[in-house]
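Next, two complexes with chain A in common: one pairs it with chain B, the other with chain C.
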Partner chain A sequence: MANVGIVVVSHSPDVARGTADMVRQMVGEEVKVAWCGGDPGGGLGTNVEAILRAIEEAWSERGVAILVDLGGAETNSEMAVEMLPEMRRSKVVICNAPLVEGAVVAAAEASAGSSLEQVRQAAEELCRS
Partner chain B sequence: MELTADLKAALIRQVAEAVISHADELTALDQAIGDGDHGVNLKRGFEAVLAQLNTLAEKDPGEILKAVGTALVMKVGGASGPLYGTLFMTMGKHLPPKFSLSDLAQAFTAGVEAVKVRGKSDVGQKTMLDVLVPVARTLQESNDDLLSKLKTVAESSAHATIPMKAVRGRASFLGERSVGHMDPGARSSSLMVLAVVETLENHR
Partner chain C sequence: MDELQDHTPKAEGKAVVQSVSGLHARPSLALVKLAKRFQSKIEVSFDQAGPWTDAKSIVKLMRLKVPKDATLYVRAEGPDAHDAVRAVLGLIEGQASSDG
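For the complex of A and B:
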């Protein structure tokens, strides 16, 4: 089974792309990383359609971990997860972790073949340390 | 009052236009305590709603609400997209094709409860809920002079957010500095309620 995929959701497409670049440099091609950023009008913000596309792009049967920056990114990601087909909903988690560090740590954990829960814990551990 | 296709179209149009025509004011309120995108985001969402106006007006009320909610979720782009989207979609799910005032109150209340869950918030936190919750209560309680009561409640509850301190959303980063500004989400909610009330008054 493919490794847990990572989705990076930022208000800024530049931040999201840059974060995804850093993740790829860390873990190479072993983990699928998708990113999205910006609102539907091209300004700063996040949007549900783009988040759904990114989840699709990073999809693995083992699951997908989403990393978000500010509040709206989290709210829109929660909405996107609820709009997924029921079979997939339980296989997507939103990590309560800082965006860049969380994405890198989550991807490193995922590259070891870890479960979705292990990936989430690795990212969320950052907040407690 | 019969909910004709004309009245449904008028309700959708008036709500959308109320938000769109106040986009600059909402943005200004949001610049004071948030990230300054509330007006432009909601404007984009409600323009997408207006683009579907003719097909929307033929549907059952519940279906209209669900379609409006979906358009807002997909097009708004800030946290207000999923928040208003959840309000409209949940209300739509709970509203039968032929409904009484008490059905409407129940459906609206279900929508407001879903917004609390989505936003992990409740009244008193300087958000749209500070308008939506009292409006839901007014719908449930009163029969006499309901429209004018709704208007008063929508306006006064939005103003009541001015002295509040934000604890949710971007405004919470400002802490005490959020005091003294009306919450943009409370204002947009009150605009929508006022638009509905005024449209119904004009159709009496």
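For the complex of A and C:
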């Protein structure tokens, strides 16, 4: 089964794209990574539809780990998860980790074939000293 | 000490880090992925006396900031401990052209 996928959600499309670039530099094509950022008008922000598309793009039966930056990115990601079909909802987690480092570490863990829970734990380990 | 532990295979060794930039992001990931293929607990340290770091944790391994030419001690405990140590030492010594 394919590795856990990674979704990067930032208020800034530049931050999201750059973070996804760093993830690919680390793990290449072994892990699917999708990103979204910015509001439809071209400003800073996040929106639920774009997050849902990113989840779809990064989808794996092993699950998807979402990394977010600030406030709205998290609440919109939570809303996106709630809107998923019930079968998929339990296979998506939002990691409590810094966006860039969390995405890189989560993808690294995913590339080793780890479970969704292991991927989440690896990213969240960043916050523990 | 638990008596059962006495029957668990253990192995250890040391190697000099060859990766040009030390064990930075991608060399660390290569080591973690290799370590995770083994059942045994695998740890690394700058010193034979420890402290020991879990070689299956990308976060802990990157936090060590292992530089090139550092001597890294490797120890493993578990059914495939000997193979694990041999493989990890081989990787550490063989990463001469790696970047990251």
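We adopt the following convention: the second predicted complex is superposed on the first by the 129 of 129 C-alpha atoms of A that agree within 3 Å, B and C clash if a C-alpha of one lies under 4 Å from a C-alpha of the other, contacts with A are read in each partner's own complex, and residues count from 1 in each chain.
Operating definition for what follows: contacts are C-beta pairs under 8 Å (C-beta built on N, C-alpha and C of every residue); 3 or more make two chains touch, one makes a residue touch a chain.
Bear in mind that the values here come from a model prediction, so they are computed numbers and not experimental data.
Enquirer: In the superposed model, does chain B or chain C contact more residues of chain A?
Expert: So, of the two partners, B touches more residues of chain A.
Enquirer: I'd like to know which partner A:Asn47 touches here: chain B for first, chain C for second, both or neither.
Expert: first
Enquirer: For A:Val27, is the partner it touches chain B (first), chain C (second), both, or none of the two (neither)?
Expert: second
Enquirer: Taking the superposition as given, does A:Ala2 touch the first partner, chain B, the second, chain C, both, or neither?
Expert: neither
Enquirer: With both complexes overlaid on chain A, does A:Leu126 touch chain B (first), chain C (second), both or neither?
Expert: second
Enquirer: Would you sort A:Met79 into first (chain B), second (chain C), both or neither based on which partner it touches?
Expert: first
Enquirer: If we count contacts the way the header does, which residues on chain A are in touch with chain B in the complex?
Expert: Listed in rising order, the residues of chain A that touch chain B are 38-41, 43-49, 70-72, 75-76, 78-79, 83.
Enquirer: Mind listing the chain C positions that touch chain A in their complex?
Expert: 25-26, 29, 32-33, 36, 57-60
Enquirer: Could you please specify the touching residues of chain A with respect to chain C in the complex?
Expert: Touch residues, chain A against chain C: 26-27, 104-105, 108-109, 111-114, 122, 125-126.
Enquirer: Given the complex with chain A, which residues does chain B contribute to the contact?
Expert: Chain B residues touching chain A: 35, 37, 40-41, 44, 73-79, 81-83, 85-86, 118-119, 168-170.
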